[in-house]
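Note that chain A is present in both complexes that follow, paired respectively with chain B and with chain C.
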Partner chain A sequence: MKTLLKTGIITLLTFATFILSTTNVNAQTKSETDKTYIKIEVDGLSCPFCAYGLEKKLKQAGAKDVLIQLKEGEATMSVSKDQQPTEDELQKIVKDAGFTPKEITFSTTPFKMKKDEK
Partner chain B sequence: MNRLIIILIGVLATTSVFAQGPPIFTETPILLGLDGGGMRTFGRFIVKENATVYVQPLAIPYNLGSKTQIGIAGRFININPNNFESVSGFGDLTFFLKQQLYQKDGKGKTFRIIAKLDQVFPTGKTSSMPSIGSDSWQSLLSLVTGYVTLKYGIYGQVGYNITSNGLPDNLIYNAAFVYPLLPQKYPPNQLNLNIGINGNFFTDVNSNTILASGGIQWINSKTALFEAGLQIPIVEEVPEAQKTNYVLTFGTRILIF
Partner chain C sequence: MKNKVVFILTAAFLGTFFLFSCRGKQEKKTEISTQWKFVKSIDLNNVNPIGIVAQGDFLWLSDVDNNRIVKIDLDGKIIEAFDGFQRPMHIAIQKDKIYVPEYTSDSLKILEDGKVSIYKLKEKPDAIAGVSIDGNTAAVADFYNNRIILQQNHKVTIIGKEGHKDGELYYPTDVEISNDLIYVADAYNNRVQVFDLNGNYVRMIGWNEGIKVATGVKVTDSQVIVADFDGNRVLVYDLNGKLLQILSDKFNQPTDIEIVNNKMYVVNYKRSSISVFYK
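Moving on, here comes the complex of A and B:
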């Protein structure tokens, strides 16, 4: 009887864990599909202190998770799909921040980052 | 001669309100794309043979777009002569305008040239002896250039200061080399070594002064930097009693918003 009870509890816990993890994965997938990931190649990023101006302007335009990599000359970010800026708008933001925009890439999955720049 | 010191204070106090790890004693051609919200202040001790001068300027810039910046700088000055009572008060106000003329960017590097106008208004106190204000309208027009990479920065400035009320005009010439001692990354964690020269040639009296400059800059946040520097005269064509022993500078630059 004791063994049966123990088995039942373990089964229930396993089932509950499975349900919860499935729900979480679904939520995460939904959240990720709502986002667009953007990578902008930026020329002129020669100084860490002045990169703040670029980060500030990108955030003002609704960008989240802004990451600036000086060595690569890149800025990556995510935006919600309903607020996705156009390429022209992104170029203007970079120019207004005092830099020169180059290639802009839109993606449905996050970009891989180099560890040492995080 | 005291008014000559005040001229130098007036034209140099607005130097590089803020930038990346900009030179401490030379202007930078990089105009940050920030819509205002920055300020710079520092304390500067000018230790001379016959007096010690303390200057505390406050400069506030505002960007009118990515290529134009205006700003205003005021300063508090204390002069402590060796054999007289010390005097203090607010010095002249300076309005400045920067206009970018050229920009060439590459991956992790930039070369820029700007024109800069510093207009000094003689608002400083002149009733004291020695005088706190210059009692002279001054217009300094400069060309500022810089080649900045992630490995180093080279900066230069040449300007001509037109004065009034009997003061000699002066030509200023500054050069600086900035070397980051830590790998450059963002958010910043920077320690920058600054070396350079700061020259001033009073054209009407053919008097030249060149200071050798060195300093260190520490940046460990996106919005603030701290710096300290020392300047020592290597050429100083002034009477012995008025010679400068050294100039010490401690300061901060802050982006508020």
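Moving on, here comes the complex of A and C:
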């Protein structure tokens, strides 16, 4: 009887752990799939005033996790899918910040970043 | 008698000539000793500075990449750090108050005894790149609006507008009030422009030296010192804009200048360091 109870508790705990971890993974996956990742290549991104100006304008437009790489001349960010800007809208933001956009890439997965060398 | 007069006149002439020669040499010697000379470079540990101001024997830096203000000693050791600022740029100091312009939030904040308050601006800026405080007067470099907001008690004067002509600005990044004049680092017009307190254009400095990006400006009682960010130089002028000296080879994206005890401290954004000069 004691052994049966012990086995039952262990089984229950294992099952609960499994359910919890599965839920967490599902939540994480859902959160990631709700996002669109964007990379913008920019001409003339040389000084911190320029870089953080672009960061400011992109954040004002609802972008998250904005990262400006001066050396690469790139800006990466994520946006929620229901607020995803069009390419034209992004080009306008970059131009308003004082730059010329080159290539804009949309992705469902995060971009691999090269470390900004300083 | 005639010979005596000739002798006296010749002696007087030679004496005067000798005196003037000596004075000339002395002046030349004095002029040479007013040149800035490199002393050393101070490495900053994980600080990417834009602005620098002095307080006694300490320096305050705006660490833009890390969103903080740091206080260091003259050897570069961090004494205190204050986090939570949103991209702080060219800072200013008056008494014990550090004025911190936040580029991202468009706010001008005051750091005093570890506490942060807000300086109310009557005009809305778009990306404050620099600030200068003189008594009750504040001048703010309004980067994206290509202008300087000059706030004197309740009066607001707008200086400049977007353009490239005299009195027009193109992405101003720093400003300094000195002796009732406003000196503006007119970054992408590659020059410094000077205005009076009514916003009237007074003069231009540095247009002839091929400045690439005039990012920071410091005004002393006799000099205007300009940081050329992309040119990796610091240019020294007299107050009328006459070039006195060009410093180079010791910088890596210089952004701002401060003077303490006859020493010049130039912050380098990219190298994360301070170049020190004396005269």
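Observations on the model:
Criterion: the second predicted complex is superposed on the first by the 100 of 118 C-alpha atoms of A that agree within 3 Å, B and C clash if a C-alpha of one lies under 4 Å from a C-alpha of the other, contacts with A are read in each partner's own complex, and residues count from 1 in each chain.
Everything that follows uses one rule, which is that a contact is a pair of C-beta atoms (placed from the backbone, for glycine too) under 8 Å apart; a residue touches a chain by one contact, two chains touch by 3 or more.
These figures come from a predicted structure and were not determined experimentally.
On the shared subunit chain A, the superposed partners chain B and chain C overlap sterically.
In the superposition on chain A, A:Leu45 makes contact with chain B only, not with chain C.
Counting the residues of chain A touched by each of chain B and chain C gives the higher count for B.
In the superposition on chain A, no contact is made by A:Glu87 with either chain B or chain C.
With both structures placed on the common chain, the touch criterion links A:Lys59 to chain C but leaves chain B unconnected. Contacts of A:Gly73 after superposition on the shared chain: chain B is touched, whereas chain C is not.
Once the two complexes are overlaid on the shared chain, A:Gly98 sits against chain B and chain C alike. Common to the chain B and chain C contact sets on chain A are residues 46-49, 52-53, 55-56, 98. Residues 18-22, 30-34, 65-66, 103, 105-110, 148-150, 153, 184-188, 190, 219, 222-223, 225, 255 of chain B are the ones touching chain A in the complex. Those residues of chain A that touch chain B in the complex are listed here as 41, 43-57, 68-71, 73, 95-100, 116-117. Chain contact summary for the complex, chain A toward chain C: residues 46-49, 52-53, 55-56, 59, 98, 118.
Residue ranges on chain C touching chain A, taken from their complex, read 48, 50, 64-65, 87, 89, 103-104, 127, 129, 143-144, 171, 173, 187, 213, 215, 229-230, 253, 255, 269-270, 272.
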